[in-house]
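As written, the chain order gives the labels A, B and C, with residue 1 at the start of each chain.
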Amino acid sequence: MEFTINQIAAMLNGEVLGDGTIKINTLKKIQEGVPGSLSFLSNPKYESFAYSTKASGLIVNKDFKPSKKIKTTLIKVEDPYLSFTVLLEEYHRLVSFQKTGVEEPSYLGENTKIGNNIYRGAFSYIGNEATIGSNVKIYPNSYIGDGVSIGDNTIIHAGVKVYPGCKIGSQCVLHSGVVIGSDGFGFAPQKDGSYKPIPQLGKVMISDFVHIGANTTIDCATMEGDFTIIGEGVKLDNLIQIAHNVKIGAHTVIAAQTGIAGSTSLGKYCILGGQVGIAGHLEIGDNVGIGAQSGLGKNVEAGTKLFGSPAFDLREYLSSYAVFKKLPDLNNRLKQLEEKILNLPTV
Amino acid sequence: MEFTINQIAAMLNGEVLGDGTIKINTLKKIQEGVPGSLSFLSNPKYESFAYSTKASGLIVNKDFKPSKKIKTTLIKVEDPYLSFTVLLEEYHRLVSFQKTGVEEPSYLGENTKIGNNIYRGAFSYIGNEATIGSNVKIYPNSYIGDGVSIGDNTIIHAGVKVYPGCKIGSQCVLHSGVVIGSDGFGFAPQKDGSYKPIPQLGKVMISDFVHIGANTTIDCATMEGDFTIIGEGVKLDNLIQIAHNVKIGAHTVIAAQTGIAGSTSLGKYCILGGQVGIAGHLEIGDNVGIGAQSGLGKNVEAGTKLFGSPAFDLREYLSSYAVFKKLPDLNNRLKQLEEKILNLPTV
Amino acid sequence: MEFTINQIAAMLNGEVLGDGTIKINTLKKIQEGVPGSLSFLSNPKYESFAYSTKASGLIVNKDFKPSKKIKTTLIKVEDPYLSFTVLLEEYHRLVSFQKTGVEEPSYLGENTKIGNNIYRGAFSYIGNEATIGSNVKIYPNSYIGDGVSIGDNTIIHAGVKVYPGCKIGSQCVLHSGVVIGSDGFGFAPQKDGSYKPIPQLGKVMISDFVHIGANTTIDCATMEGDFTIIGEGVKLDNLIQIAHNVKIGAHTVIAAQTGIAGSTSLGKYCILGGQVGIAGHLEIGDNVGIGAQSGLGKNVEAGTKLFGSPAFDLREYLSSYAVFKKLPDLNNRLKQLEEKILNLPTV
């Protein structure tokens, strides 16, 4: 697979400066460019590499004006990073081994509806009454329970488990070890101090364009007819816990190992750091940002930035923490004052 | 499936107020009641819904006295929440597809003892010398190693892995991705700075009525003949880590993503929040409560409530944290005092 | 399997004091010794057990001088703990059921290279073009993607998933539920607030002698030709998250539930506690120690000990935290001073 810089520029609606007939066969970071590779310059702090890179081609901003002589052929575009991403994606599509067909043994239940051009890996299990869209890839050792529906073009990686009745949208990616629809953690305390499980009869609904990282778990809703809901375009990293009846708004992004307790509702376009913990039954607004390892115990208004455990305003937290670091000094200063005051003449 | 309110009241030993011949076909939350549904009122703060709900029936406390006119038929019981749970459970039993029989291909080792009425899903693996009780459900893609024993009525969801020799009680539920019996994290430091693995020869013992959430991991004990022990009725949420030789007392409840390090012993009836971390070789008493995200490094007496990382008394922590939030102000007040003192006439 | 104390002492280069002809058939902790068992005494605080243990043999330090009469036969060695570990390992090798051969059904792709004496469990999957060394054990329900290579003597436990193209060294142990090579968490924000996935084209490289705990996840690198790298002898506990392009130096040890964000590089011989969070794009030096639940947001020099979230110097953190516990008192003392000052005669 080789393309000339001119061909690539045409794909990107870019302008070529230099020799556009040079052939490109791989994509590299600017500091790791080699002859035949194409790189991009987006962050100005990497500009020095533009003059030293061995890459044959470099995607730059249309406003980029080299301050030194440059050997590499340039492609000027609106947004170099975005353009590079487009190329990566195209490249990914071309080089990825596009699995298709059915490997045996695999298990297919009764009364299923299966779309065109799907892949069913060996030891994959699809239960009864399931509905699988077109171009869906179901990798080996994965489990799709009875009555599950999966939209078009969704990828189910090896070892994913989807409990009966859950709904997965189209264009989703579920990574290995993901569990969808396990029981919510609901137990009724008994008089003798033991607990009785509360039947978890609801399901999980995953909207379109959702990505779910490896070994993340999403519990089902408690009541029949209810859903734990993951909104459109939501991106969940690895090892995240989403409890029963949680609702996550569209295009919210959550980093690894974060946990959200039961019945909490998260807005759209939120960004949560890693290892965040959110208590149950909360309402978190849109565009909320929460720093890594924070712990939330209260409702949060839209647009707020929070940090700490328990979390409060990010700037205020950092101010408090700056003083926390000097607490021994603060304590000493207070002691000195106390001694001074003690030695003052009494009124 | 339909029951009259009179029939349901009889099941619950409840008293009917209103039309008991109305038929019920589903269970709903009070705020989501529809004609034909039954709801419950337990928390007084939801009382207003009792007057507006469209539910046909409402389970209430025997002492409940409506302050306004009420259209819904009431069932008066001792404990509305508990009664509702009983109904949910019965409903669950009726509507759940009760899998039974053997799906092929599945793997059954030699010299196994298998009870009556069990389900073995496709691609499930049962090793040699294993003992499986009656009514056990082993879902697809799960792995039961050699010599494992599982008690009656236990459910092993899809993709659970139980290492050889571990013991699982009866009436347990293990959710997808659970790992029982992986090696404890034990390594002997060598003179050159590297580590040599210490063979992990013990097993895991799970008592009866234990629920284990998705992707939770429980390591085996270190020494031959020893067990990591999960007590009767213990409820573990998702993504929890239980290290080698840990012992958890009966009816203790642990929320998601908590981790307990090696050889720590936890009492009975404890409640641990999510993302708690407990160091190794500790003794935690009965009825201990630990707030979410807390970190424990010391032994804890029975009945204590702790919070923070490192954790101490819950109330004291909250008092300290209240001042922490005002530390910049505290610092300023101290500076002002220092300046004032400096300006005082010297003695 | 029985050995005389003399035979065992010979294996350990130890000196026998007492009856060396006694036969040993099991290994026990000193406080749980039984006739026929061998124990060890390493930690002086357990010395009292040396006089009461029922173990037939006891491994002690060569300098050990009993302060009371002792009935048990002693084996004096340089390092009792290390010697005991050597025995445990030997014992483990002898008693472990050494699986070998192929259980059916299992899946083997095309053009694979498979070494001698390997075990392929039922429902294990090996993709095309994979290379598997000798003595490798691949347990049931595990998935080895296309083009994966695995070195000699490595154990892949049940339900491990290795994405295509990843490289696993020799003498490694991967526990159940481990995921190697899932997509890095990389998404390009779009103008409308949604995110576009950045194709993740790199792989993961696991060096020799690496142990990876149950349900730990390691993401692939972003760029083609790049690797997320786990150095030689690294020990990872359960439920750890290693993001794309992370590099972990040799013989670093990481406790459970810790997460390391993208492109961070960790030195050699580091020790990380459980539930630690490390931000992306950081450089952490060699021999760094990080306390449990700490959060790192900055580069760290070699040899540093850190604690807290955000983390700083361990001793300083503990000093600050000691004052934090007394903050309400501090606040009161400050108030009292303010009142006193207010009551002073003005200058």
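Descriptive notes on the structure:
Operating definition for what follows: a residue touches a chain if its C-beta (ideal position, glycine included) is under 8 Å from a C-beta of that chain, and two chains touch if they have at least 3 such contacts.
Keep in mind the model is a prediction, meaning the values are calculated, not measured.
Chain A maps onto chain B through a rotation of 120°, based on Cα atoms and reported in steps of 5. Counting the residue numbers that touch the partner chain, chain A and chain C have less than half of them in common. With centres taken as mean Cα positions, chain C sits 27 Å from chain A. Contact with two or more other chains is made by residues 105, 123, 141, 159, 177, 215, 239, 257, 275, 293, 309, 324, 326-327, 330, 334, 337, 341, 344 of chain B. Residues 26-29, 81-82, 85, 88-89, 91-92, 95, 97, 103, 105, 121-123, 139-141, 157-159, 173, 175-177, 209, 211, 213-215, 233, 235, 237-239, 250-251, 253, 255-257, 268-269, 274-275, 292-293, 309, 321, 324-328, 330-331, 334, 337-338, 341, 344, 347 of chain C are the ones that touch chain B when the two sit in their complex. Residues 105, 107, 123, 125, 141-143, 145-146, 159, 161, 163-164, 177, 179, 182-183, 185, 187-188, 193-199, 201, 215, 217, 219, 223-225, 239, 241, 243, 257, 259, 261, 275, 277, 279, 293, 295, 309-310, 312, 316, 319-320, 322-324, 326-327, 330, 333-334, 337, 340-341, 343-345 of chain B are the ones touching chain C in the complex.
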